[in-house]
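In the two complexes below, subunit A is the common chain; its partner is subunit B in one and subunit C in the other.
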Partner chain A sequence: MKKKILASLSALALGGAIASAPAMAQNVKVAYLVAITGPIAGMAPMMVQSMKFAAEQVNAQGGIGNGGKLDPQVYDSGCNPQLATDAATKAVNVNGVIGIVGPSCSGPVIAVANSVSVPAGVLLVTSSGTSPKISTLDDKDLVFRTVPSDDYQGRALARALKARGIDKVAVTYLNNDYGLGLAEAFADEFQKQGGTITASRAHEDKKASYRSDLAELAKGGADTLVVFAYGNSSGLTILRQAIENGFFKNFVGADGMRDEGMVKTLGPDNLKPLLVSAPAGATGAGFEKFGKDFKATGGDPNGTFAATSYDAAFLMALAIEKAGGDKAKLPQALREVATAPGEPILPGEWAKAKKLIAEGKDIDYKGAAGDHEFDAHGDVPGSYILYKVSSSGFAEVERMK
Partner chain B sequence: MMEFLNFYVVPGIVTGSIYALGAIGITLIFGILRFGHFAHGDLATSGAYLALGATALLGLTPWAALPVAMLLTALLAYGIHRLFYRHLESRPKILTVIASLGIGMMLRSVVQVVWGVDPLAYGSGIARAQAFGPLMLRPREIATLALTLALVATLLAFLRYSKWGKAMRAMSDNPDLARLCGVDNDGVTRLTWFIVGALAAASGFCLGINTELTTMMGWSAMLSMFAAAVLGGVGRVEGAVVGGLVIGLAEELSVLVVPSPYKSATAFVILLAILLLRPQGIFKGKVL
Partner chain C sequence: MASIGLINYATFMGTMIGIYGVLALGLNIQWGVTGLFNAGIAGFFAVGAYLSALITASPSPERIMGWELPVAVGWLGAMAGAALIAWPIGRICLRFRSDYLAIATIGVAEVIRLVLRTEEGLSGGARGITGVPRPFGGLEYSLSQFAYFALVIAVLLVVYWALERQLAAPWGRMMKAIRDNEQAAAAMGKNVEKRRLEAFVLGAAVMGLAGALYVHFMRAITPEAIDPMIATFLVWIMLILGGSGNNRGAILGAIIVWIIWSMSEFITDQLPAEIATQAKYIRVFLIGLMLQLILRFRPEGLLPEESGQRTSPHLPPSR
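What follows is the complex of A and B.
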């Protein structure tokens, strides 16, 4: 009998201790939703590593609030809307995260925002969803991204071509969110600049022949073909058959066509008439600091989406600190910590940021992948470089405006 | 007019003859072993990559590597039969069909492990077309057509005149009756897998040399190949050839009428129409 009383007393005490602990040190749960499996699984390890690196820096330099820790939970989004929605539902409804970093890929971002995060009022910052369709989501200002929308790339490419005196083009694009998004942005800007698009046709991936497609595209009389596809798939076949049959003289592609394997397969000499755009690698003080620190822990700062993923995770932590852990204040807090004016904060300067926030001062995060001055859609502008094919791969032609 | 021939009809015929080579294998398995072999596309992929391996390891030209690849794929096909399908022979056929889906995934994964997922090619550079009068043809296209013709003619003659060919046809008509008449059913099955493997390798190789080698190439093409086999009449070799050409041409010509993302759907529309209107196919094959 005594033992039982003792046991229940101690249980009571223990339970009380657990219940009262958060009042002193509130841990904050965030979800890192990354496509660990699926088509971009190769990029995922570096994305997860850079996100976790951000969380480690936060926790090593004082954590969140008054002695709390950032508690990141990694989920697999599989680059698949269904998997991503399931994982996000679990994260938000079961595990109670207040913010989502990710998911990877555009389709899952749209699905998760529509069915999970926006209805639940959870802030979402993706580091790899580039579709222009994400900008126009009815997101109640809860969806942000640290990677520029393809809209910018399509428009920059249109202006660059116009500036090079190309007035008439035919466009073919892969029939998915990536191809369609780029083609729409490109067409809109190119026509605004006074250019003519003689034909614009979607195509299906993985066909053995695109010669009939190319013949249809060539009918308009343009001698430049713009290809929004992947250089390791339909883009390669289209270029090969277009060159072999002399359908077009000049070729233009976006980042999906910047594929070294394609140059090797078709031969650099044959690809002289090809120009491709691709996002400029990050530069500046923010990237240098992140690069140095991340390398020291065994990471690759130039990994695809590594810098944007780090920024998304670090910005999420800054916003949580600024909002005092209040979910409803997160979007406003994110805008305040990310955009000018304010005291500049570089990657990893958590202690400094924490002190400034505590003093009530405004901060402005200058990230590894850019300054992250979010616009009304929660988008960041991108900078792009136009490349031509050289004997060893791709050589820079100019920075695009 | 010449544009129509060069950019719609010629690619259609070349693609069609690649489909035909694949469809013959599918139709033989359908006719003789009586199940839909969904690993056929990936068998073709394996053949194409084995040819690539032969060019790299033995220093052969791609066309010289083809017989090596055909032989290896024939052995591979027979090996798959011995390891997997043979144990399911007495069970309902649907088990073998589903098992073949799994075999396809295994083959694809092995190719991905060995050669990676990036596209590869037998040679770098491009081949511009040569003019034959107003016709524009590439050497590899002529070779593809010639190879298809030669293989089909050999196979037809073999089935019609040789003892083993007759045994294959007998088993296709009625396996029990064939066994009673002294046909070695196991021997015919073995021979069928050898022929099917060799033809799959040829179709994969032709697909690869006319475009690129990707690990999904066979899987993507197989759906059109199935449509071709059913269209021609299941179990009929000449039907598979005609079916392949019709599907190949229809896919290319469809671009004139419908948006090109529907290219792949053309094969299925034809397949649906055939199953509804003439389930025995053009050449009166077996009704599925």
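What follows is the complex of A and C.
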């Protein structure tokens, strides 16, 4: 039994070794690390499909370098650091990939960056790790992301409110990662801008009454209440009770409160004093082009992280083309192809980008999920839109900075 | 490139096997030798991992501790912390028979996981703790990996040696007597409750050490890492497959299960692209199949317990 197992194991190892031998010298391997199994398995198929779609477009329009192909290897990161580091180690060491797109979930991103990709000098672009901790990793400029940190929306909202002349607010937030992350970022930025937070209280989900919370919050004398919660749950109850009892005059929420069901339940007239922010991902020329092309292949462009995953994969390919396949030059090349100035490139315009790169011209990728102007941490600021309630749902007020 | 790459990969696998080997050894003391059904391995693993991280990482305004002490202190702290948590749990829960004990320990592990997940000030909450130092972490990638691998294997061997000594001593024989026939052991004047508590606490301390080994390898800990699937049930599979009651069996189980878990992805990659995504689930399936086959054809595990007296705890002892 033992010998048989050993024999089959060595066969396995051998198989792995053979598989790792490059088929064609100029082909370039990248790893797509996606949580195919595990808690977010439901989102994974669309993420994989959009990444592969990017690779197909690259290969259909001339491939990489001089006749080479982009050779994506899909690995399962399981939304779990043990599995993700295992997959990343295989990808980097056995299959010799020069860049990693993914992994999914923030914990695995941190673990893979810490123990595999950064020490090994491999570029990593994640499309779904949103933890603010990823920004502060000691990453030697090798960790990037195409999805904004949870931090940004709260900060953008704080600046937008301050710009609209709102100086005093009370804050209530749902006691989970989402609510807390937004509330912390919002409070930090709002106070930096000179605003005052009269009261800040966490609340638990699914309570029948928040009147005592609201009474406490109203004591500070602010007439604006900021609610970081979900509009189909505690956010709805809080708004209803605050309006009924006249605790506050104005209300502000983030993307969780952009809920059309809530508008129907409470009535658009009652919600006139409500402003909400939401990511601007699903707008713009880049998204339209990606949406049209991706739908034609049977994909769902609105799938969670589909657009960010596509951008991560496409940007990785652009960076490889720009760097001429040189692993060490990838981070610098990624910054050059993603950020202004340069000739704008929309999703799918690989042939055009390839030609411009060959001519030595600077390009600027305008992606499906945003412009991807990376900051010093390799983060994208994300773009957000402020909405007000209209009779038919939500109407845009302004783009937030 | 290719051969260095393969060595790097083998080193990584060896390190993970070493960490899981220590976990399986900890479970072996509790289940294999003493017959305590602990289904809360992840809880003790988590206590060890977080505690060692907090002891050795640099301070942060977001959470407590961050003492920047040497890694060895972190490891000792992890063992002591896991043992301290295990003691009251054992005092309360060890009065239960095996299946009730399993339910109680699952509950405790979930409580630990949820507390670590939500208590920002204690553990960094969902964002976890980063910036945990790794011994030899400053070296170049391959060297650093290899040095840590050697360290983990050294720890594994020390734990193995210590446990073998302990089990060969009268203590070990007494534990087996309690496991196989509690009444008889009690009639001989053995303090059954106290001995079982000893085994439970010792096993938990070893699991805490495994958590500490893990956190310094990854240089970070987030709640995803203490998911029961990967930190409890995988360890059970390793022990049952390798042979419970036998320390070498525990280590062999860790080797086989991790290698299959990791390497099967190379095989599924050879499948056509249309089903390659679904094929990732084959890994989970293979582990389950392996367990079924072992339980059907070799229920005592690949390396059964050596005394020759061992029978399944559910059957009356043979004479």
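Note that in this section the second predicted complex is superposed on the first by the 236 of 401 C-alpha atoms of A that agree within 3 Å, B and C clash if a C-alpha of one lies under 4 Å from a C-alpha of the other, contacts with A are read in each partner's own complex, and residues count from 1 in each chain.
Criterion: a contact is a pair of C-beta atoms (placed from the backbone, for glycine too) under 8 Å apart; a residue touches a chain by one contact, two chains touch by 3 or more.
Everything quoted here is computed from the prediction, not taken from an experiment.
Student: With the two structures laid over each other on chain A, which partner does A:Asn232 touch: subunit B (first), subunit C (second), both, or neither?
Tutor: So A:Asn232 only meets subunit B here.
Student: Now for A:Gly221: first (subunit B), second (subunit C), both, or neither, which partner does it touch?
Tutor: Touch status of A:Gly221: no partner.
Student: Touching A:Gly67, do we find subunit B (first), subunit C (second), both, or neither?
Tutor: Neither subunit B nor subunit C is touched by A:Gly67.
Student: Should A:Gly324 be classified as contacting the first partner (subunit B), the second (subunit C), both, or neither?
Tutor: neither
Student: Contacts for A:Glu204 in the overlay, against subunit B (first) and subunit C (second): which applies, first, second, both or neither?
Tutor: First partner only.
Student: So, does A:Gly267 touch the first partner subunit B, the second partner subunit C, both, or neither?
Tutor: Only subunit B is touched by A:Gly267; subunit C is not.
Student: By residue count, which of the two partners contacts subunit A more extensively, subunit B or subunit C?
Tutor: Looking at subunit B versus subunit C, the one contacting more residues of subunit A is C.
Student: Taking the stated contact definition, name every residue in subunit A that is touched by subunit B in one complex and by subunit C in the other, in rising order.
Tutor: In subunit A, positions 175 sit in both the subunit B and subunit C interfaces.
Student: In the complex of these two chains, what residues of subunit C are touching subunit A?
Tutor: 1-2, 4-6, 8-9, 12-13, 16, 118, 120, 124-128, 130-131, 134, 140-141, 144-145, 217-220, 222-225, 227, 230, 256, 259, 261-267, 269-270, 276-277, 280-281, 283-284, 298, 302
Student: Going by the contact rule set out above, which residues of subunit B touch subunit A in the complex?
Tutor: Residue positions touching the partner: 3, 6-8, 10-12, 14-15, 18, 118-121, 124-129, 136, 138, 207, 210-212, 214, 216-217, 220-221, 251-253, 255-256, 259-264.
Student: If you look only at subunit A, which of its residues touch subunit B in the complex?
Tutor: For this pair, the touching residues of subunit A are 175, 201-204, 206-209, 211-216, 232-233, 236-237, 240, 243-246, 261, 264-267, 270.
Student: Across the complex, what residues on subunit A touch subunit C?
Tutor: 1-2, 5, 9, 12-13, 15-17, 19-21, 36-37, 44-45, 48, 73-76, 78-83, 85-87, 89-90, 92-94, 96, 105-108, 110-111, 114-116, 119-121, 131-133, 136-138, 175, 177, 180
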